[in-house]
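Each chain carries a letter (A, B and C) given by its place in the written order, and its residues are counted from 1.
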Amino acid sequence: MPSALWLARAVMLAYAFGAVGALVSRGRAGRALGAAGALAGSLAVLCLGVLVLAGGTPLPLPSLVFPISGVLLRVDSLSAVFLLIIGLVGSAAAVYGYGYSAPAPGHPVEPATGGGAGGPRPHPDPRAMGTLLNLLLATMTLQVLADNAFTFLFAWEAMSLATCLFVLTDAADPEAVRAARWYLGMSHAGFAALVGLLLLLSGGDLTIPFEVVRQATLTAGVRDAVFLLAVFAFGTKAGLVPLHVWLPMAHPVAPSQASALMSAVVLKMGIYGLLRIVVDLMHGGPAWWGGVLLGAGALSAVFGILYALLESDLKRLLAFSSIENIGIIWMAIGAGLIFLSYGLLLPASVAFAGALYHALNHAAFKGLLFMGAGAVQRSTGTRNMERLGGLIGTMPWTAGLFLIGAAAVAALPPLNGFASEWLIFQALLEGFRIPQPSTALLMPIAVGILALASGLTAACFVKAFGITFLAIPRSPAAERASEAPFSMRAGMALLAAACIALGLGPFVVVPRLSGALEAMGLTAPGPPSPPLVTRPLGIAGTTGQMSPVLLAAGLLGIVALVHIGLRLAGARAPVRRVDAWGCGRIRQTPRMQYTSAAFAEPLRRVFAELYRPTDDLTVHVHPASEYFVQSIEYHAAVSPWIDRLIYRPMLGLLTRIAGRVRAMQGGSLHLYLLYLCVALLVALLASRWLG
Amino acid sequence: MRLFAQLSALGSSAMLLLALIPLWRHTVRAYARAFTWQSLTLAGLTALTAYFSGDAELYAVAALLLGLKVVVIPRLLARMDRRFGSEIQPYLNATTSVLTAGVLVLFAYIVAEPLLLASRLPTRGGIPLALGLIFVSLLIIVSRKRALTQVIGFLMLENGIALLAVLAAYGVPLVVEIGVFMDALMGFLVMQIFVYQIHETFESLDVEQLSRLKD
Amino acid sequence: MTATAWLAAVQTLLAVGLAPGLAGVVRRLKARLQGRIGPPIGQPYRELRKLLQKEPLVAHHASWLFRATPFIVFATTVAVAALVPLLAVGLPIYAVGDLIVVVYLLLAGTFFLALAGLDPGSPFGGMGASREMTIAALAEPVIGVAIFALALTADSTNLGRIAARMLAHPATAVSPGHLLAFAALFIVTLAETGRLPVDNPSTHLELTMIHEAMLLEYSGRYLALLEWAADIKLFVFFALLANLFVPWGLAVTLTPLALAVALGALALKLGVLALALALLETRVAKLRLFRVPELLSVSFVLALLAVTASLLGR
């Protein structure tokens, strides 16, 4: 298939063109060149992904694609799924970014509270944004094409750096600097783990192709070590609780097309790495591996969405929701590994298909939601929901598109979030086939946690959409908001269309995913492919069936029938506009509305044991009588105690160690030369003994 | 025999469910009523086992259970309740205690798993439930503050042990059974004396007050 | 159209048509138990007719979403009614959506209703939305685990197949796992359909409302659609409880006689459940909002025990 090779070359050329073009030209032309390069490259990536998924055969790409020696590239169906993700969100982000990086409509931006969105935003340099966008997309493409450890590491580090620069776009913001510092620290800890695991896996030679690694046999101890390192490395990248601390800091401060890419695509690289290393290269392992992933995923799912619920910064809310969705994907992978270890191939393949599908779907809806949040931020100057509201009137397109994204993330049928969660449910329901009862009992608990997370997601996104877009504007800025420019709407519309299409068409998508499962070595003996059975217009999981297309048709049909029925029944009196009911109050003001904090209050109280909130109520009374209250102050704060529990002691320890190490800094040149000599001698001795 | 297996599992789960009631109800009356129904179920199960195993002694045990735990002890409990009132603020809130109880029952299932695999008894379905009942009763004793509610927890524990005996060994010999009953009754009486004593000393039945004794 | 498709349509229309009647029966039974005469059973139909004729009033700040929501809620509820076996097992329509689809369709209705509660900017609507979503979120895991218990005994989440499997193995109906799952789902039914002790369907005080607070701004034909949808939801939950746990009477063969028997059995089972609900609502008082999680945690543990019992008692 030479066309795939040409496509791969076109991808890299387009991204290079976009990166350089954005850097050398100014103003509108620079924005256009950067966007054009990213769009062309992403479309080519998309085509490559579709081509390989349809063809189903793995394909080595001669290193001509990327002219550095030691780089080895190959594309198979597993890569193709992630190429789809990159291409889809990349092309939307390119189109969206063209409008987003244009100067914002000039109305005075009021200082906002919370979330560091304060002050008139110094506009980020569009040239840097264009270049970085192309670079980030190129490194991620390289990442999923990597076919040896060296290429994998190279792409990984380049991707982390590109992301970090995006976080630092607004370097004047102390919040951004702090986020970048955390991000760098965490991703390098992950990188160290990644180097370790790849060294262990490839027996020291980082340039051997993965095919050789796949055949290698390792002792059980080494395999366990590799697995744990992989959980750490990819958990850091994917934002798994408790390795997630950087995520809610970094994602909100980046420009919105970058936030969209980071949440929708960069996190998925952690998923890709996990699948590639643990399932493909190591063919799974004992049941406790799956248990670890299932537990970590469940923790992430619940904690992610619980913190999202309390958030009133729209982009931070979305970032926490990404943690939840990543958790769901890890749960599915964990369940898949458990099934695999018991030789239950059918439920395992349903679980992995669910994980891949959810990764794709999450990319579509979370990209859309971040772009919607960016549009809101751009036209109102704030992402604090307590100062928004009523935008459905002034930004109807953004509101409608955001609503599609919100319904998709809340897993409402027939949108895409539901399709993949349904598959994951189907896989978990098969848990009773596990012969060992104490392991089998994990599955109903996982079902409960997944259901709880999706219920809380629905509550969270009722809040996100309802407080931001509905009711009466809570600030003048929200009142004066104007609709986003066409290119931004086009970018969002692309992803909204993807949400609908992916939701209606699991019977097209899911069978194609079986190619990716085969690429991971999950082929059933006997009947051809894993029986992710297609039915006419529907899919069958392990225990049930559904058909989103028929469902959608039915829903539309019922709405139409009801409409006609009402007409026939004579119920067509015109609507009269009146004041909302208020028990006799005179005038309705925005301050009477439910706020974001008020909406989440019942759940905050129900889950108080998990949140550990600190409430502080001070009532100032008149000195003469305690019945005359002069003022009431109420402070409520929720500080993530996981962070406090783990990171504060660790940072303290690191600082202490760093203090010790500083003693070695003598400042004398001779001392440093001595260190060098000692290091050389030790290295030589070590190679003599170990080698 | 299949019918027997079904009924014994059903009875055991009913007993376990009745033990969950004290975890989220707040009055001693509700506790006492749950205990009465639980004992009635136990008596019924014992009679059932007597019928299916043809062991006449077990009928006597069932009758004894009926007299003591369904009639006598609930009356005593009601009298104590009338005297002392019944406000209870447990250490654990209702949601946490109910969820903990759920985990304990899962634990009981896991513990009993090898037993179930080895056993061919028709009543084996109920054994993990009986174990779960014992654990949940312990939870009640540990998490309640009032002496009176702890007494009911103790009585439920005793029911759990009796249930386990009936299911696992078709009841222990009558002599042992009577001994255990006497033991329980004595324990109950002793506790009753203590309860009166505590009430007289502290004007309250809150066991937390006892921690003042060490000063 | 084939006979099965016709039957599916008839089933759906039956649910839509009988739902207000079921609500009327519950109201009537409750009134009788409380020593009142109560409104006639046909009263809900008359109310719907009246509401349909009335002029709808919409708050100034309400958007298009507010006016679209009644249609969305009604459509999702009717779609659910179409997926639930009322008269016969083994219809092809059950393959369009399984038990999980049913649950998430209902969640979709709740989602949009909560948004509509927030839309007019009235504090009561926001309060109702917040409370409704809290309860819906907490009920979700109970439903999930109860589904696991059902799927485990039937080896399927297809509603028709669950009922069919139960018909084929009647002994499983009295197994502890089954009874526990029934109890769990009954509690969830109370929470999801806004009945006592979770929510009071006949309250007139805004501050105690949950479901009604979201409907506060609705009037005319929009209110009619939402009230009707709420009735259908109650009907659907009752039908699920009746036909998944006690499926006897459901037609296995599509003969007129079998269908007539199925209709009679359905009426009987719904009547028993309505009586149980009326008795319960007469005896218990509304719980404080923050005691509702306790109730739901009890039902979660019931569901978990149901799964455990079925999983390990095999």
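Definition applied: a contact is a pair of C-beta atoms (placed from the backbone, for glycine too) under 8 Å apart; a residue touches a chain by one contact, two chains touch by 3 or more.
Since we're looking at a predicted model, the values are computed, not measured.
**Q** Tell me which chains count as touching both chain A and chain C.
**A** B
**Q** In terms of CA centroid distance, which chain is the most far removed from chain A?
**A** B
**Q** Looking at mean CA positions, which chain is nearest the middle of everything shown?
**A** The most central chain here turns out to be A.
**Q** In whole angstrom, what separates the CA-based centres of chain B and chain C?
**A** Result: the chain centres lie 36 Å from each other.
**Q** Determine the centre-to-centre distance between chain A and chain B, using the mean Cα coordinates as centres, and give it in whole Å.
**A** A distance of 50 Å separates the two centres.
**Q** Two or more other chains in contact with one residue: find those residues in chain A.
**A** 437, 441 - these are the residues of chain A that touch more than one other chain.
**Q** Multi-chain contacts in chain B: which residues touch at least two other chains?
**A** 106, 109, 113
**Q** Among the residues of chain C, which ones contact at least 2 other chains?
**A** In chain C, residues 293, 300, 304, 308, 312 touch at least two other chains, as defined above.
**Q** Considering only the defined contacts, which chain C positions touch chain B in the complex?
**A** Counting only chain C, the residues touching chain B are 171, 174-176, 179-180, 291, 293-295, 297-298, 300-302, 304-305, 308-309, 312-313.
**Q** Looking at the complex, which residues from chain C come into contact with chain A?
**A** Counting only chain C, the residues touching chain A are 52-65, 67, 71-72, 74-76, 78-79, 82, 95-101, 104-105, 107-108, 110-111, 114-115, 118-127, 129-131, 133-134, 136-145, 147-149, 151-152, 155-158, 206, 216-217, 220-221, 224-225, 289-290, 293, 300, 303-304, 307-308, 311-312.
**Q** Over in the complex, which chain B residues touch chain C? Could you list them?
**A** Residues 2, 6, 9-10, 12-13, 16-17, 20, 24, 93-95, 98-99, 101-102, 105-106, 109, 113, 116, 125, 128-129 of chain B touch chain C in their complex.
**Q** Hey, which residues of chain B end up touching chain A in the complex?
**A** Residue positions touching the partner: 96, 106, 109-110, 113.
**Q** If we count contacts the way the header does, which residues on chain A are in touch with chain B in the complex?
**A** It is residues 437-438, 441, 609 of chain A that touch chain B.
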